[in-house]
Amino acid sequence: MLGIVGESGCGKTMTGLSLTNLLPDSKLKIESGKIIFAGEDIVSLDEAQLRALRGKEIAYVFQEPATALNPVLTIGEQIREVVKLHCKHIPKDAINGFIIEHLEDVGIHLANEKLNVYAHQLSGGEKQRIMLCMAVIARPKLLIADEPTTAVDVTIQSQIIKLLHKLKKEYGLSIFLISHNLAVVADLSDYIGVMYAGRIVEFAKAGIVLEKPLHPYTQGLLNCLPELQTGRGFKSINGEVPKFDNLPSGCSFSPRCVKAQKRCFLKMPPMFKTALNQEVRCWLYSGS
Amino acid sequence: MAILRLVNISKSYENKARVFSAKVRKVEAVKSVSFSIKQGETLGLVGESGCGKSTLSKLIVKLLQPDSGDIFFKNINITQLKEKKFRSLRRKIQIVFQDPYASLSPRLKVKEIIAEPLSAFNYEKQYILKRIQEIITQVGLNSGHLEAFPHQLSGGQRQRVGIARALTSFPELVILDEPVSSLDLSTQAQILNLLVSLQNIYKLTYLFISHDLSVVRCMSDRVAVMYRGTIVEQAEASQIYEWPVHPYTKKLLLSKCWLRTAQK
Amino acid sequence: MVQGTKVRVVFVFSCTLCPAPCALIIIYMKIFFKHKLALSGALIILLMNVLAIFAPLLSSTHPEDIDVGSYLLPPCLAHPLGTDQLGRDLFARLAYGARISLMVGFIAVGISVSIGLLFGALSGYYGGAVDLLIMRFVDIMLCFPTFFLILAVVSMLESNIVVIMAVIGLTSWMGVARLVRAEILSLKQRDFVSAAKASGVSDCKIILRHLVPNAMGPVFVSATLGIAAAILTESSLSFLGIGIQPPVPSWGNILMDAKSCLGIAWWMTLFPGMLIFITVLGYNFLGEGLRDLLLRREQEG
């Protein structure tokens, strides 16, 4: 399980969307590079092959459950659509049972009643569970979860995270988790990638990143967690994420970095690898 | 002295079950809530979405009228006041909303938005101009932002504008209705810092509403926990985190524990 | 479920891409120019307005001047669109007629939009008894067959251009009122209205500064389409002889003149008919384009 963290506007969602080539505008294209999924390069696939891949092999959960469900169809109808599309081996009369089973799996109580319910009759947490159910019902290999806990309450956040844990274990899912909350990502992921202004700036095992964050940006993000604040006054990262058409020269984080040196403003650092197999894009570690 | 005192405030909404049925379902959003806030302190109000927090904040600024109970602002019973008389008090009680995207008028420039609480009361133009210049730097923006429209700003910047609007008229009580829950964590910390420093500058009293206990802990002197329209626990901030009494408070605290487990 | 995010992402992108204030206008212009329908509509309307404004320069003769002896001439060099049965230059009459027809369309819609905005805003903002009263009044107004109402009023009053504009305006505001009411009902739930109220802004200012400007998108669209309808109504009235009175030319009464010599002078019906058709089409195209432009952007925002 891989987690991507970063502030909004730093390219996390774009990364997620490009994984299934779902980029919103035909003008936006993957400029270079390959995305290799189960030995196949996704970039080179055509639209029909991609469609077969989406949903079946790679599923997607969006940030806002409220807008991701169709308001005029019942929950049952929407899930049935997915099942008919991707689980052709299920006989018609068994579909309902199959759905109910999965709904119970994601922790929906009274699942057979919920089949005939519309999206607005559900709470935010339930909607997010339904979205998860729709995503995993076809047993994909990879689940891309784009800020799955941002739009819901704290109590529900922890429930959703527990659920993701459970799904990962029971279904053998790989999860690509995108969030701005380092705590959420830390809890779920095996590996963490920290993203800033379209680039991965730190990449390592989750435990290592949390215990010994190297990049100043990661340190800043970690300090922002309200759970770790002591007393009044918050540690924060000053400034804002730069816009993509106005990136600073050198390291993109340099204007906001407290440890910036002269060369940080001149040249973008490459990825340095440290002893613990931790990769970091920062000049501070050019020696190691 | 208590700057704000709520006594047995209740508010319910009527919900028609079906279009043609006469049956009216009553939803009690706020059930006989009482608390008071002292001058200069921050009271944190915690609860899940839908527990009546926002209704309560709207009752205090008189966007809604309570069914029963009284609200005292500096010993003036504002529930009984007519809108005309209350208008002059409005600049003393201000509110910052959760969603910085929905709470700024999309067709107005930042300077017009910030000036609004003053221009509503026919202040001199010169004074307003001076005041918005002053407040915009205090919230960490610059005068260049005054000419911008809300959609040109980032979420954090918008929330700064929302805070500036609430503070232009020198309020004494500011209600912060989930001011950071729709923001990124890094921006969230910036905004919380800003709120703390502004509180010192203006000697403000805050009612800080949030669903996130950890944020509330860092901001508040006292904390009230709200569950299904009633306040179930009220105590000093340090006390409520160390010795939670009500089972719901315990549950809320537990739901935040996963971070600590992750770190181990 | 993909759609929702798509739209949001596009919006976020367009926001990050336009730092300068003028950039939004440029984006609007770009979308507008890409929209071929809207562009052609705007061009047609521009052309018609040029025709109307520069009528004295474009035509060599006055529309009421009679060229003795050359009546019912087909299009020729001296009279590019021919002459009518009294020997008046058809091009001059159509150009001057454009002034009347376009003005009637514009002002009538101006009247109907003002009334509609006022009633719609009051009704939507205050709700309750005010809303009930205004909306029932709208219902009653909608029950009248509008065209016969206009016929009746115009035939009772002295028929001149002011009466025509007023009557068309006064009988077509109901749609706008309903539109504005619906917009304001949803807008007044938004936080920025609560914020304004909480700051002690007066009702009147809230309506004028916060609600109406944000409700203008759909109003513009319906106004553009309304102009087309108003031009048609005026033409119909004039055609029936109770609209603009001759010798002042309007597209409608030129057509009426043509009625009597339909078989012998094709140019007299073809050209005014085409003008009405093209203008109405232009306004409809523009309205369609504006709808795409304004309303779609608003949904994204």
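As written, the chains take the letters A, B and C, and residue 1 is the first residue of each chain.
Everything below uses one rule, namely that a residue touches a chain if its C-beta (ideal position, glycine included) is under 8 Å from a C-beta of that chain, and two chains touch if they have at least 3 such contacts.
Computed from a prediction, not measured in an experiment: that's the story for all the values here.
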If you count the C-beta pairs in contact for each pair of chains, which pair comes out on top? A-B
Please identify the chain with the largest separation between its CA centroid and the CA centroid of chain C. A
Centroid distance [mean C-alpha coordinates] between chain C and chain A, Å: 49
Between chain A and chain B, what is the gap in Å from one C-alpha centre to the other? 31
Find the geometric centre of each of chain B and chain C from their Cα atoms only, then give the gap between the two centres in Å, rounded to an integer. 45
Where chain A touches two or more other chains, by residue: 9
Among the residues of chain B, which ones contact at least 2 other chains? none
Multi-chain contacts only, two chains or more: what residues does chain C have there? 19
Interfacial residue positions of chain C with respect to chain B in the complex: 15, 18-19, 21, 24, 190-192, 194-202, 205, 209-210, 213-214, 301
Could you pull out which chain A residues touch chain B in their complex? 7-9, 123-124, 153-159, 161-162, 180-183, 186-187, 206, 210-211, 220-221, 223-227, 229, 231-238, 240-241
Contact footprint of chain A on chain B as seen in their complex: 48-50, 154-157, 184-190, 192-193, 196, 211-215, 217-219, 251-252, 255-256, 258-263
Over in the complex, which chain B residues touch chain C? Could you list them? 58, 61-63, 87-88, 90-91, 93-95, 97-99, 102-108, 112, 116-117, 120-121, 147-149, 151-152, 162, 165, 169
